[in-house]
Amino acid sequence: MRMEDLKRILTEVKNNKTDVQDALKLISNLPYVDIGFAKYDTHRFLRQGFPEVIFGEGKTDKEMVKLCKIAVENGGVVMVTRVVKKTADYVRKHIDGFKYHADAHMLTYGRSNGKRSKTGILIMTAGTVDRFVAEEARITAQMFGNTVDTSYDVGVAGLHRLLDQMEKIKKARVIVVAAGMDGALPSVVGGLVDKPVIAVPVSSGYGASFKGLSSLLTMLNSCSPTVAVVNIDNGFGAGFMASLINRL
Amino acid sequence: MRMEDLKRILTEVKNNKTDVQDALKLISNLPYVDIGFAKYDTHRFLRQGFPEVIFGEGKTDKEMVKLCKIAVENGGVVMVTRVVKKTADYVRKHIDGFKYHADAHMLTYGRSNGKRSKTGILIMTAGTVDRFVAEEARITAQMFGNTVDTSYDVGVAGLHRLLDQMEKIKKARVIVVAAGMDGALPSVVGGLVDKPVIAVPVSSGYGASFKGLSSLLTMLNSCSPTVAVVNIDNGFGAGFMASLINRL
Amino acid sequence: MRMEDLKRILTEVKNNKTDVQDALKLISNLPYVDIGFAKYDTHRFLRQGFPEVIFGEGKTDKEMVKLCKIAVENGGVVMVTRVVKKTADYVRKHIDGFKYHADAHMLTYGRSNGKRSKTGILIMTAGTVDRFVAEEARITAQMFGNTVDTSYDVGVAGLHRLLDQMEKIKKARVIVVAAGMDGALPSVVGGLVDKPVIAVPVSSGYGASFKGLSSLLTMLNSCSPTVAVVNIDNGFGAGFMASLINRL
Amino acid sequence: MRMEDLKRILTEVKNNKTDVQDALKLISNLPYVDIGFAKYDTHRFLRQGFPEVIFGEGKTDKEMVKLCKIAVENGGVVMVTRVVKKTADYVRKHIDGFKYHADAHMLTYGRSNGKRSKTGILIMTAGTVDRFVAEEARITAQMFGNTVDTSYDVGVAGLHRLLDQMEKIKKARVIVVAAGMDGALPSVVGGLVDKPVIAVPVSSGYGASFKGLSSLLTMLNSCSPTVAVVNIDNGFGAGFMASLINRL
Amino acid sequence: MRMEDLKRILTEVKNNKTDVQDALKLISNLPYVDIGFAKYDTHRFLRQGFPEVIFGEGKTDKEMVKLCKIAVENGGVVMVTRVVKKTADYVRKHIDGFKYHADAHMLTYGRSNGKRSKTGILIMTAGTVDRFVAEEARITAQMFGNTVDTSYDVGVAGLHRLLDQMEKIKKARVIVVAAGMDGALPSVVGGLVDKPVIAVPVSSGYGASFKGLSSLLTMLNSCSPTVAVVNIDNGFGAGFMASLINRL
Amino acid sequence: MRMEDLKRILTEVKNNKTDVQDALKLISNLPYVDIGFAKYDTHRFLRQGFPEVIFGEGKTDKEMVKLCKIAVENGGVVMVTRVVKKTADYVRKHIDGFKYHADAHMLTYGRSNGKRSKTGILIMTAGTVDRFVAEEARITAQMFGNTVDTSYDVGVAGLHRLLDQMEKIKKARVIVVAAGMDGALPSVVGGLVDKPVIAVPVSSGYGASFKGLSSLLTMLNSCSPTVAVVNIDNGFGAGFMASLINRL
Amino acid sequence: MRMEDLKRILTEVKNNKTDVQDALKLISNLPYVDIGFAKYDTHRFLRQGFPEVIFGEGKTDKEMVKLCKIAVENGGVVMVTRVVKKTADYVRKHIDGFKYHADAHMLTYGRSNGKRSKTGILIMTAGTVDRFVAEEARITAQMFGNTVDTSYDVGVAGLHRLLDQMEKIKKARVIVVAAGMDGALPSVVGGLVDKPVIAVPVSSGYGASFKGLSSLLTMLNSCSPTVAVVNIDNGFGAGFMASLINRL
Amino acid sequence: MRMEDLKRILTEVKNNKTDVQDALKLISNLPYVDIGFAKYDTHRFLRQGFPEVIFGEGKTDKEMVKLCKIAVENGGVVMVTRVVKKTADYVRKHIDGFKYHADAHMLTYGRSNGKRSKTGILIMTAGTVDRFVAEEARITAQMFGNTVDTSYDVGVAGLHRLLDQMEKIKKARVIVVAAGMDGALPSVVGGLVDKPVIAVPVSSGYGASFKGLSSLLTMLNSCSPTVAVVNIDNGFGAGFMASLINRL
């Protein structure tokens, strides 16, 4: 149930278009739907302004379809993260309107129809392999109504590529930086700006990158106090956090 | 050099109160002062709106006085973190106007004279031992002109204490949560709100808390996407980040 | 050999229905059967009141059938954990009476015919992906004669879903909580009750969850002293421990 | 506020010895006392049957006295853990009735006046250096009204010393085992019994014991499913958990 | 080149059956054969009394055949460890006389024709899944001419199974103990004997066993000073070490 | 763009063979080509004397072809690391002139046509499984114009094999040592020479080698101060570093 | 009680010098003396041929004197490890005959009066800081009647120093090698010999030596199968193990 | 013995100023002096061109004086690292000519009298607390005859400070970069140059810097292949390595 739905119902009650009993029934939906293996949160839109995002791992194709149906019925705007193509195809075969974003491994349905933010979020990556995580952040931020720009493959080993992005960097209100290996990009970007930088460690790399531990530690130890960190590979979290901040 | 200083100089030039040569001299200060063991960044106020914060560890008392003097001369608003009382006393003996915050282990001088923010930042702690880190965040946020409220010792093991803080939680624009041991508080707070939560792991605890590693991992794995994390015990970073966000 | 079998034999001796020689032979079974690669413990039922549970990993299909046959002959109640479907099917093809629990990856045979406990065990999960581990705990506890209830997908990020379970929580004598990622649920549940909470870290999640290490540390550092912890993904151990306690 | 206090008030109301207004006032004490740096939980006795235990680390001597006073006033039975002798002496100088347990590093006041349990808890240690943690468990369990027995220095490297304890082991309802280094004792004890074993890793040892990590992992991987684990050096937690279980 | 070959040559020289030039040529074989990707050590038999053992990982089938041929030509007794069945079959198709040991994942050729040791080595395992590592130790020790006995699946959770092995334990000169999970068996065995115990951690288990780290740490921290440790899953190393000791 | 290309253009301008406008156009190529998912650095040859090396992981076959084409057009000398054979075949089908090095998992195109270095780089390995990493170093060093020699399979467990390489060791100007398992070879080689040794940990091995962590730590702790370390399995980095040094 | 004591008693019984009742009394001492915080094992000499060694950490001066007295009375040969000088002085003031070994941090009393072994144990160290651990091994081995030789400061970074020790190396039956930092010495020594090498990691060093973890991993991954490992800094364990082996 | 000494002796022999017997005696000094706890390497100057550097930790004041005397007698150029002031004062009281460098914690005696290098080594630090490690590198490099320049406190969070050092950076032949916390500086510097960068992680920082682990991993994962790494806090090793390279 979206805020606008709630407003509409209340307005109809006020205008005597819906009687109190029916309104009560409509509103008094349980705040979640219990479907055994999961409890789908239908009031999150009211609480946080966003629909519950479905975490795609560990669910069978059938369970995914079941959850997606409830989500479509309750929110209208749906995001599923970490969906492999096979499951995505299965969902799309059973429910119309879902779109699959291959690089981001996401399924989306509908889109925030609020006004698009004027100033926006910049998503940056250090290397080409970081783009999968960055795309998850980008799709997430766009689904929440943000204007999003990107600067990919601008790692610190080629400082001139990074400095060429200064205009984009200055224009953004919030910056998301995805980086694996040495994870040094957020520190450098964070030193250039006076706005929040959300750093996402990426599990790319090999050897002593220890599946993202290396860049995670780098980012937590960033000498720029403009940097906060989310989980390794958590592009969704970074996009969500940036959306929360940009909305302020 | 603060933005207002720069404006004043330019206005005086415009009004012929300062001639161009003198203005140039005033403005053309190097962006940092090189004092051998350190390069004090005097233009950070221009770049980020805040003075350089001095990291107190690894500096002798004499070096600290030297840096503090430059800071006072260039910025007018100064913060020193992680200062032990002995060094703080030494600085205060040699430079007037510094105040020592014992719980936060900070020295401050002056204060942002911009308007105080109306809506503000809430600093929460899970246990009593987390207050040292929380105080560092609080002093930092206040120095940057934020209205700051606190809810200390409201960890998840006594849920009723936490739920009593709902009003403060709802009123805040940004929330900082400091927690050691299980580090579970940010996840719970993050699930109650639709605003940014900056989580600070605290190195308190013993045994398998591994000096804050436990709460760091908990926070990075928070099931609430409203949570971003800074370094263990980094109260300053959390306060700084919250200030950046609250300023938007 | 179950306690009731032993009692029956002794009673028959007392009543002159079995002579001493035969009784001795029946009872003097070795306390385990040595089948080369394994020593099946046939007296565990006498020692602990439960049959030896067979750990399914690292055994060939044929070895599994061999062990299951001995178990059926000696105990009558059999549990096999961590069995993949292929092996389960093989066992069921060769021995009648086994049932496969797909979510729990368990094979069971027979069932404790003691009286079912009146008050019981509550199994809770934080997210949907934790249910595989939770199901292992549930089947285990049921096999040992406990009344078991479940509250799945009630993680701390949606506190209202959790608080809706208060009635179940209050009714239980022992609670098992399975959670991955931030592993915060046991701390919160543990703070609401005055009964033992057995926490099971789950290896679900990604990035800094480090295959369950994150939630393991969270649980070990729980601020609620009502929480004790078993190995990551050890649903069986949690169910067993809860059964031991509920039996008191 | 203890349950018996509450009962008394309600009885007095029923018997018209206290009028409703006064009763309300007495009962409606806040569930905690907010003293700035801490929120003392005064209703925990009602919720869990035990007073809040005060964690001694990170508190000044004065703060400790303040908390102890509130605790004495609200509960009558008080426990403080991890108190160094210096602080303990300070508290005892300012409040009468506290007793310091040097090996356990605990302060206690009063004692559960419920009936002492008939069957009880056995506290075991593998080596002599584990006794500090074991003593914390012992004092805790005794404070909660349990009959407690001990078997110290019976590690697995001298199996005959352990087997001499079989009578005590059989008599106990719950067993607490504290062990550092190889942490093997809970596995062996757990294999001998059909009752809950609460294992406490101890940070004693050197080298690859890594401050208790070694014994923690051993215990989590115990081949006996009768074992659950609490945090390294958490004697209090083990004693508390054993008390919860023994009370069933 | 085996010691006996060298002796024969020298004796023939002494007896004028081989002239000095030919003998020199025979003996002056390079101490290794350089075949590009590897340098096969042909004098190890002289230095250590054993042929070079070929480590099977990371070699193609063709390279393996090449190495095995050189080994057969130079030593007569050959062992290949960590060979998958596919490669073993390939070798056996190209060179006669190799035998594959499926559980041990080893290929062997010939056998020490020295006298078999009278007293011998006992190989023990805690659980059934440890037998793969134990078998590698057993085959290795047998290839080096030792009398080997085994006690499998006698973990500490069923102490009576272990105590039944006391006769074998007392008879052995050296004991190899393979154990995963809690890795507690070597500590217990080590406490029962006054002879060297070589402990091999096994990577079996799940969760906090962290691929053998758990049992490795347990064994390194063994309270019995009769225990020394080799690498996780290093059955070969344990068998080799036991052979060295038993030969004394 | 290579330095010689730049020189040619400038000479042509000087000699009036190219007019300034055309020259500007030729030179003013952006220092990188932005192809969306990547920014190919075309001026690296000018900055570092080497073409950008393409990191093969995380790129689709089509993307790889796209990048390789740009690289061929801009540099003439191209290296792709960590390419699986399937992708290599795809590239070779679409672009002529690429050569695949199977052991090194590298694609190369063209070759430095500068003079080959007289004295050179020695690449050493401890075991046969280290040769994949060593080959990456070898191909890299050769592509950059170095004379390269190799000493493979000369680990410290067979010291005589190592000492046989003393002549090669003495002749080299820089030494690259690849080793897994105990990683002891660089320490020993480093103690024999007075020239830089670049150590590459290799992730070969099993158990407590923890995917190269063991040899990484050994090398970082080398008692010979002639040793510096690159990332685990980073043969390319070692070859690059050795080239930089040998060029001095 | 030492074996010779037992023999003497039995012989006296046989010769009618002691009557059966008195003999029984003498022999039937409990196998350990229970002194509350510890159970001193008085029959270990019978079981393992050595007296119980007292671990000095975590015991007060008074407790140490108490244990030492019992040890002197029961065994006659006593070793205390990890004793600081202050405690050692206290013991020596209260009991005559103890000798303090400052480098080894050991107290000893008496000495094995069996025949000294002819061939012996060689103790080696890589660096000068490893000698504290090596001395603990040396004293231990000497107390158990072994002939012990030493080669200190012969690390692999100066191979000629090591090769000068070849004579000693060849003469020894068992070798103990203590090394910190890169821990490479046991691998090299192990490759030179065909006898057991007991490797002791030492926690000396700094940075990535991680308090001995680095050398521990190196030794566990030794390419020479002649190496087995004991705990970090466990000189006593190495000396004990070497004694067990040398006794064979 | 320095190369020049050797040359002089040989020249004297040639010129009949020293007879062959005496020369032999002079030259045939053992390559090291055995002083019990240490073997001082007197021929290292011949092998590596540098005297043995004395590692200051773990040696008593007396032992240090002993070693320093031998060093002075054999080499004439002596360096002692990691010496606390107290020991340094003791050495200087007993031997003339030693100089103590307080920031570097080093003692030096004499100085390479070879020609000073023309082009040189640049030592950089990210923050002020890194200067202790940097100074160790600087003194080391200067002792080996290098021209050394420094750029301290130029971390990536203030990129303008770093870019101001471009001239120094371009002039250097080898660069040493010391950095703690995020350890990002070597990656950025390494991307700007085509010369070797030796990175030294520094254990400064707090929380998730884990005593230098964070910056160590960052540096090992540097995206610039111009970077090689030495141990945490190993300023000496970095200075030595840079000297080796600059000498080429």
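Order of writing sets the labels: A, B, C, D, E, F, G and H. Residues in every chain begin at 1.
We take it that contacts are C-beta pairs under 8 Å (C-beta built on N, C-alpha and C of every residue); 3 or more make two chains touch, one makes a residue touch a chain.
As the structure is a prediction and not an experimental result, all values here were calculated from the model.
Colleague: Common contacts of chain C and chain F?
Modeller: Both chain C and chain F are touched by A, E, going by the contact rule given at the top.
Colleague: What is the distance, in whole Å, between the centres of chain G and chain H, each centre taken as the mean of its C-alpha atoms?
Modeller: 39
Colleague: Using mean CA coordinates as chain centres, what's the gap between chain A and chain B in Å?
Modeller: Averaging C-alpha atoms per chain gives centres 28 Å apart.
Colleague: Distance between chain D and chain E based on Cα centroids, please, to the nearest Å.
Modeller: Distance between chain centres, rounded to whole Å: 50 Å.
Colleague: On chain C, where are the residues touching two or more other chains?
Modeller: Only 127, 158, 192, 207-209, 213, 216, 220-222, 231-232 qualify.
Colleague: According to the definition already given, which pairs of chains are in contact?
Modeller: So the chains that touch one another pair up as A-B, A-C, A-F, A-H, B-C, B-D, B-H, C-D, C-E, D-E, D-G, E-F, E-G, F-G, F-H, G-H.
Colleague: In their shared complex, at which residues does chain A touch chain C?
Modeller: 31-32, 36-39, 41, 44, 55, 57-59, 63, 82, 201, 203, 211-213, 216, 231-234
Colleague: What residues of chain C sit close enough to touch chain A in their complex?
Modeller: Counting only chain C, the residues touching chain A are 127-129, 131-132, 152-154, 158, 160-161, 204, 206-209.
Colleague: Can you list the residues on chain B that touch chain C in the complex?
Modeller: 126-127, 155-159, 181-184, 187-188, 190-192, 205, 207-210, 213-215, 217-224
Colleague: So in the complex, which bits of chain A are touching chain B?
Modeller: Touching chain B: residues 47-50, 53, 173, 192-196, 198, 216, 220-222, 225-232, 236-237, 240-241, 244-246, 248 of chain A.
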